[in-house]
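First subunit A sits with subunit B, and in the next complex the same chain sits with subunit C.
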Partner chain A sequence: MSGPHAALRVVWRAVLLQIALSRRRPEHALILLIAPMQTTTMLALALTEDREDVVANAVLAPGLIGLWVAALDYAGRVVTEDRWAGRFSPMIATPVPLGLVVAGRVATVVLVGAAAFAESWLAAALAFGRVLTVADPVPFALAITATCLATVGTATLISAVFVMSRAHEVLQNSLGYPFYILGGILVPVAALPGWLHPFSRVVFLSWSAELLRDTVRGDASDWPRSVAAVLGLGAAAMAAGLWLTRRYVDRARREGTVGHA
Partner chain B sequence: MRPVFRIVRESLILGFAEMSAVYTWRTWTFGWLVRLLCQAAFYALLGRYVGDETTMRYVLVGNIVVLACLESTIVVISLAGERAMGTLPLLAITPSGHLPVYLGRGLQWTVTGLASSLTAWLVLPPLLGVPLPWPRAAYAIPVIVLILASSYGYGCALAGVALRLRGVEWLVLNFAYGVVMTFGGVNVPVDTWPGPLRVAVEVLPVVHGLQAIRGVLDGASTGHVMGLICAEALVGAGWYAVAALSTERLVSVGRRDGGLDHA
Partner chain C sequence: MEAAVHTCRLRRVYAYRRRDTVVALDDLSLTVDRNEIHGLLGPNGAGKTTLIKILSTVLLPSGGTARVLGHDVVAETRDVRSLVGLVLGGDRGLYDRLTARRNLLFWGALYKLDARTTRARAGALLERVGLGERADDPVEGYSRGMRQRLHLARGLLHEPRVLFLDEPTSGLDPAAAAAFRRLVLDLRAEGRTFLLATHDMDEATALCDRVTLIDRGRMLLSGEPARAGRFLGDRECVDYTDPDPALADAAAALPGVVDVERRDGAPGAWRVHTADRDGTRRVLAWLLDRDVLTARRGEPTLEEVYLRAVGDRGMTV
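Let's turn to the complex of A and B:
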């Protein structure tokens, strides 16, 4: 296989495979069940305290949580589930890099997670009469796109780490809320203790959350820098994920452990 | 009573053996427990961000107590796992009867739930700068145990749905817990919601028990607190009754049509 066209074909086939698999797994739509409840919780708390200025935080946060849940809970398990379901051996016997297949499948799941943004917006409008408008639509659209791409990159890395780790269930269960705090998805990083700030800056969610809130309020003068940071962190995660996946596949082939990998 | 105690003992041994396939005590403590503490801290930080320290303490107390409900309702996954493994019929033919065995399948989550919520109760308030009024806060601990029990009954009742519909156990679990977390007075008082919703949440676990805990912390009268505790116990008993009826029906129909192993 060579050339970008062939690579895109592989990714597209991977997308179709994931759609076929997810249709039989209702839990892949879990985030769509959770998002309206999270919006309700966060918005009720903000409005009870008469904080109209926090409405944007409360509407955007469930969308970001949706992306992270998609990356962590479903996309991250792609290869692990293939191993259990016996799809792993035929998949790596095909003459295409497994990393591309994983990336395509991860992208499908992440798109479902991104629907949480729309759901959250709808929940705020219908249940609380708060219609969130976007002051800077173009930077906002770019921010959402960059965030989705960074999520795909991060999920590819998570998938590779899970497949190589013996404690992937522990990691999967543990990496949600610590990252919601670090990512400043609801409470801005500036309001967190100072010693957490350096850690927050290497989590793409922190740049995304700030950027999305700023574009909604029309206060995103420095948006190219933030978009670049989100894309840079996502690309680094994707590169690491693809490298780890290739390394894992090579090792499994070399040691003859593909069948019981 | 002795067979029941034996079932409880064996269920706990089985449950913890299952858990040990996933967690060691280190990964449970530094992975799962830290995640739960972060969950409570996440909402508490929002409380302080939108309000003041009083709001933060209100939200923190709610989110610590609701951890007991979160863990107890994981029984949904344990029971659905029996069906997935094809062991549901084996449990149904135990000499002691299927009901105590089925309802005991997630007991380990009540133990870990107690450990998590008590750790959070002790650690988080001083850590986040909103200490609880001790020794009054100690009187809340038996109420947390009651909430664990009522939430476990709620989880067992909703497991009936997960046992009948394939592949929905995570949806059922998250819905069950999410409804309590959203509408049960955890982050905002129940009277924030419109009338019909306010009436509906009266049948949820946690709601009355959490109000009792807030009463204990605020120095409310013993009569008021006891009334709320009785309401929580009543709600829990109701959910156990629903769980018993649902399980009974599942097994009797399964025996008749032979569909218990793929119910």
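Let's turn to the complex of A and C:
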């Protein structure tokens, strides 16, 4: 068997591998520990100021943050960890592209991050009695799905960038907050200075955040365009990630740095 | 029929900081026949691992050609990857928190095996390498020997026809190393070819059909380990046992004697290295004249050949 079937099998095996690894070292679960605290803080601020209009922001933001943390802090380290552990050489000696393994493992970690949405909703309902209702459930579900897929694509790109960089820890530590801002997670993009808007539009999170808030409020008339933007940016990131991963493997084979940790 | 491995003027240069370069393989030409166990000997930094990595497509050569079962390692990378197994060994390279079985299930997918085939082969291989009872324990609790065996099982999962083993018994206790060697011999009997990098001369002598000694990326000698003495040209030796060191001093002064050394193991055991067969006859006759009835013609061991070819460079790399 070959072609797409074999590729899907590799991705699925990588998913199962990551599930098994996550069960034995559930460090991604920290995302789920932090999400309710973020919901509590943001919702408390919104309610104290009588800002009913930003309740949706306060509930949705921890979910988006959870996804980004999953992509940046955990998924991004997948290849780097394999390299440190000496698994890289035998891995690239196999006939399948490394990018497929990365994508499968990253998808699993992102899925854990996505659970932050549900947790945040629960925290708002149980701790504050605020049950967030979704006015446009179908576009909302599509928005969540598209956002998760785009996060997988972006995390694949992040993983490739980290492994190519000699300062991946610096990147990891510094890429959180700028993307919360550019992604319109903490503050809507419209509230940011105008010169930031073009940068914001190439960050899939900005489209996701806006779309999710609009679907909750029942104000998502243009949702297909937003979903397409999220998926398009995610696909572009995935393509760039797979290309960079391949390029990195080729470079390591050429320069003889495969075994370097 | 194509050889299992054939390299022609294979070259690999590592560049550091743009200006500094290290030549790891220098025009190395080597042929490994099918169904052969071929030992690759050499000091640290000789180029053994570099050669294995090029042949398993992990590294690209800087020049020359390398073919595995007729496939070029650069132009036909995917074909080569399906045909070869790479066993780097050591403590690293596995998912420590997962069980041996789960490790193999994952690696099976990387060789495009379906889940059912992988499960069946993983179970059979784990039994075969003696890990059947511990197959569902996390690898982090494994000893070094168990990890080595798991590395071998991983290398065999896709049933490769050529296996590259890089110091597979390094750090194993003698019993585990012996079991490992028996397994390699069994696998050879199934028609597989092995290229085995090792520092263990006894292992090379016991296991390999032929050995190649490389140093600084160049081949120094290649041939059957049992006839290693031939590598030293006409050199021969005479072994004898006598407690008197003065006798050894006197033997060293005989014509045709290269040197005399004390042998490890038995007390009073000496080895006289001679320049040629005449020298050997002379030493044997001289010793018999002095009632040393333990004297006999000896064969230089592979280790002696190695030390003479590579030189005594101690800890220098």
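In this section, the second predicted complex is superposed on the first by the 258 of 261 C-alpha atoms of A that agree within 3 Å, B and C clash if a C-alpha of one lies under 4 Å from a C-alpha of the other, contacts with A are read in each partner's own complex, and residues count from 1 in each chain.
FYI, a contact is a pair of C-beta atoms (placed from the backbone, for glycine too) under 8 Å apart; a residue touches a chain by one contact, two chains touch by 3 or more.
Not measured: the values here are computed from a predicted model.
Engineer: For A:R246, is the partner it touches subunit B (first), subunit C (second), both, or none of the two (neither)?
Structural biologist: Neither partner.
Engineer: In the overlay, answer first, second, both or neither for which of subunit B and subunit C A:H197 touches.
Structural biologist: Neither: A:H197 stays clear of subunit B and subunit C.
Engineer: Please indicate which partner A:Y177 is in contact with in the superposed arrangement: first for subunit B, second for subunit C, both, or neither.
Structural biologist: first
Engineer: For A:R83 in the superposed arrangement: first (subunit B), second (subunit C), both or neither?
Structural biologist: In the superposed model, A:R83 contacts neither subunit B nor subunit C.
Engineer: Quick check for you: in the superposed arrangement, does A:E49 touch first (subunit B), second (subunit C), both or neither?
Structural biologist: It touches subunit B, and subunit C stays clear.
Engineer: By the touch definition at the top of the document, which applies to A:R9: first (subunit B), second (subunit C), both, or neither?
Structural biologist: A:R9: touches subunit C, not subunit B.
Engineer: Where does A:R24 make contact in the superposed view: on subunit B (first), on subunit C (second), on both, or on neither?
Structural biologist: Both subunit B and subunit C are touched by A:R24.
Engineer: Return first, second, both or neither, reflecting whether A:A93 touches subunit B, subunit C, both chains, or no partner chain.
Structural biologist: second
Engineer: Do subunit B and subunit C touch any of the same residues on subunit A, and if so, which?
Structural biologist: Residues common to the subunit A contacts of subunit C and of subunit B are 24-25, listed in rising order.
Engineer: For the complex, give me every residue of subunit C touching subunit A.
Structural biologist: Listed in rising order, the residues are 12, 14-15, 24, 50, 53, 56-60, 78, 81-82, 84, 86, 88, 90, 92-98, 102, 105-112, 114-115, 138, 154.
Engineer: In the complex, go through subunit B and note every residue touching subunit A.
Structural biologist: Those in contact with subunit A are residues 22-23, 27-28, 31-32, 34-36, 38-39, 41-43, 45-47, 49-51, 55, 59, 167-171, 174-175, 178-179, 181-183, 186-188, 192.
Engineer: What does subunit A use to touch subunit B in their complex?
Structural biologist: Of all residues in subunit A, those touching subunit B are 24-27, 29-30, 33-34, 37-38, 40-42, 44-46, 48-49, 51, 54, 167, 169-171, 173-178, 180-181, 186-188, 191-192.
Engineer: Help me check something: in the complex, which residues belonging to subunit A touch subunit C?
Structural biologist: Touch residues, subunit A against subunit C: 1-2, 6, 9-10, 12-14, 16-17, 20-21, 24-25, 85-87, 89-96, 101, 253-256, 258-259.
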